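Letters A, B, C and D name the chains as they come in the text, with residue numbers starting at 1 for each one.
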Amino acid sequence: MTVRVAVAGARGRMGSQAVAAVEAAADLELVAALGRGDSLDAAAGADVLVDLTVPGSVMANVEGALARGLHVVTGTTGFTPERVAQVEGWAAAAGRNVLIATNFGIGAVLVMQLAAKAARFFESVEVVELHHPGKVDAPSGSAIRTAQLVAAARAEAGLGPSPDATETELPGARGAVVDGIHVHAVRMRGMTAHQEVILGGPGETLTLRDDTYDRSAYMPGLLLGVRQVAQRPGVTVGLEHYLDLD
Amino acid sequence: MTVRVAVAGARGRMGSQAVAAVEAAADLELVAALGRGDSLDAAAGADVLVDLTVPGSVMANVEGALARGLHVVTGTTGFTPERVAQVEGWAAAAGRNVLIATNFGIGAVLVMQLAAKAARFFESVEVVELHHPGKVDAPSGSAIRTAQLVAAARAEAGLGPSPDATETELPGARGAVVDGIHVHAVRMRGMTAHQEVILGGPGETLTLRDDTYDRSAYMPGLLLGVRQVAQRPGVTVGLEHYLDLD
Amino acid sequence: MTVRVAVAGARGRMGSQAVAAVEAAADLELVAALGRGDSLDAAAGADVLVDLTVPGSVMANVEGALARGLHVVTGTTGFTPERVAQVEGWAAAAGRNVLIATNFGIGAVLVMQLAAKAARFFESVEVVELHHPGKVDAPSGSAIRTAQLVAAARAEAGLGPSPDATETELPGARGAVVDGIHVHAVRMRGMTAHQEVILGGPGETLTLRDDTYDRSAYMPGLLLGVRQVAQRPGVTVGLEHYLDLD
Amino acid sequence: MTVRVAVAGARGRMGSQAVAAVEAAADLELVAALGRGDSLDAAAGADVLVDLTVPGSVMANVEGALARGLHVVTGTTGFTPERVAQVEGWAAAAGRNVLIATNFGIGAVLVMQLAAKAARFFESVEVVELHHPGKVDAPSGSAIRTAQLVAAARAEAGLGPSPDATETELPGARGAVVDGIHVHAVRMRGMTAHQEVILGGPGETLTLRDDTYDRSAYMPGLLLGVRQVAQRPGVTVGLEHYLDLD
């Protein structure tokens, strides 16, 4: 059964890739590619709106799409708890579903989720993220989120801090500390977005690594969302909930 | 509550480490360290028998321990389906539990299990294992098992073969093929036992890697088995079932 | 001092990148961007011709450029020993220099050269190359060349074969064997061109790895050639000779 | 021709391994294994003294060995410039040679030296070292030395700082900065001593990595020193000078 898809933000960098990806998928049909100023009415008849716009546009798009009976998949940023609550109200009223995700890279999401699953079995864990040198924040939001998930899993398992006998440290050598987890940020020409979680116990280490080479990495996760949103009731925040890892 | 432990095969390489590990654990108490020829009667009063012996001894030990009311954790090899069935009969009769595992390395087991979980999301997957040069089989049993698990997960998800346009190949360049999965075996002085599963989709790869540096790597998994066997009814084959990954 | 550059094959994939790279470099000046059928006369006044064409065009371009007093840097394939000899004759007659290189990736070239330097210190060495799944040959030409260089360095140092106790092998598990060196080829969606040389001795391994993410990787090496060709007498085959590693 | 070897510090951890390594080498002959309090006279007749003692003993051993006509290879720490100058005087007077090295791991030394060779070709470079959690200093001395060598090579090539657009940083995320090079220190149960230098340019990264798994890693470098010291005039500081990389 074909899923009919409208894309908002279709002329942006992610949006234009999404349009191409929908067109290339045999089980999806592109019914509208909306740019700034285009009316949502063109999305009528679609099953799913993909919103890849900006925080200033996304809420109107989501509300309008739900009102027109579409499900929504959005990768737009800026979803505060208040915004999510508002979307939940609209979705409930419309009887439609929404996926809100800031990261559609399946590998990137898996590294976080699998690291959290593995964390309780290892004394030590650290996070190393490596990005292009144009990135303005360090560590990456993903690395911070990873550290938080891992820290929560360790706490739940009753693990204390990772062992560390450091007495003499050049400032910064041991990285940033997020919820007790050491996080290191490398900035490297040639790289795009990479993350490694290293976990260690006696005589053994486990390394989980994602290498994201370019924006095409987000398409499989986006299309997975498009294909599944009709079967996932309510508002879901985070692609991981569609991956059925448990 | 302290778990009382007897170790059979206590003078072997794994066994002597197990003895030390049990002694070092605050919540475990070593009640007997049995070598070849020692009577199982010395294990009386223990809660768990750890059997790290040889295929020729293990069945008598398991039967004897169950008959004496102990649970059993064994890393001894040679458990054919027939042997497992026999153990199931003894365990049921005794109302005691058994864990049979050929690999107590938690990281090694996690690489397999997490790779199987991730496999359905990626077009491509290959396995690279790296071992010390004294290893007589290639690829390793773990790599074969990993390929089988990954292949089964791909089949269940309806994925076809990984893409591969190779037309000209030096014999062996693309590795061994196990259930359709390419597996490469590196033999390297300095290494012990390492395995990497690489999964790839458009613009992204996910790498899961275990590095086992020495035999101490098996102790956390062995002790996890010892601590949990009383709560895991029946006969369990494979440490993964104790890791609660789902 | 500015180097004036003409690019032949300027509308090809490598050529168009080369044009952009020359234009972006403060110390280089683009004087001509030649496509198929354009006359070399447009290159008059340039110091260096960059030829990124095809085997059927390159010889005429090289001859013509040398005759016009230009040095030449070419990444075009198909330079047989006979062709190289012919170019040497032309270059000597013209008193100009030529760099012929099939790989302008500095990292890729360094992995080969540094592996050869390191090879005599290690008992074991293997090569793993990883490429996109559209590649038709396995292993890559670079991996074969790497194995040959490493094998030659080992032979010169009097080293025998790498230790390997394999008795039971699934066909292909231990890779292809090139001059006694095991070479493994991984094909993976998401990857472009990657190569790893692993060397091992007692208690230690050394890994040299190049990751080439896209064609822009060839520009620094190409520009290095352009900048240096005037100072490198005669015909040079291989970028490594311009890297002054010894 | 057999080299006759005496080992001082023969009952220490490194020393006992050195004794075993000398005994296992067909071209070396152990003539004395000296512990604390043993007289150097027992080393008479040896060609080379291997000193693996402590800063308080090494100077007397070196002086005594040189006076008795032996060459010296020492891995003992604490060689200040003043001590080296003193050894140079003794060696010149005796007409014998000395190798002073704080790191006999060939792979570890190669990572430093090869990184320095590669550094001038890449815009970006960072160092990641990973050690067991019992290590008291961060980053490791080797990582600091590596950063210094890389920084010197970059300065000589006229390279400015690695690009880095970081505006918002959690303290420590970008590591320690040694001579302008970012250095990250991971502490991980299961690991021993590992170092990775990552270099990056447009579209490409080069990674050089040493994994030291145990103390046996130092034996090949130590024996290389023993075999060559007679042919290397004067006092040499650093194993790299025996590796003939240039």
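The working rule: contacts are C-beta pairs under 8 Å (C-beta built on N, C-alpha and C of every residue); 3 or more make two chains touch, one makes a residue touch a chain.
Model, not experiment: these values are computed from the prediction.
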item: Chain at maximum distance from chain A, centres defined as averaged CA atoms; value: D
item: Shared interface numbering between chain D and chain B [over half = same, under half = different]; value: same
item: Result of counting contacting C-beta pairs for A-C and A-D, higher pair; value: A-D
item: Superposition of chain C upon chain D: rotation angle, C-alpha, nearest 5 degrees; value: 180
item: Centroid spacing, where centroids are CA-atom means, of chain C and chain D in whole angstrom; value: 33
item: Chain A and chain C: spacing of chain centres that average the CA atoms, whole Å; value: 39
item: Distance from the mean Cα position of chain D to that of chain A, given in whole angstrom; value: 45
item: Residues within chain D bordering two or more other chains; value: 122, 190-191, 201-205, 211, 213, 217
item: Chain contact graph, described as a line, ring, star, complete graph or other shape; value: complete
item: Touch list for chain A against partner chain B, complex; value: 105-108, 110-111, 114, 117-118, 121-122, 199, 201-220, 224, 243, 245-246
item: Residues of chain B that touch chain C when the two form their complex; value: 122-124, 126, 128, 130, 133-139, 144, 162-178, 182-191, 198, 200-205
item: In the complex with chain A, residue positions of chain C that touch it; value: 190-192, 211, 213, 217
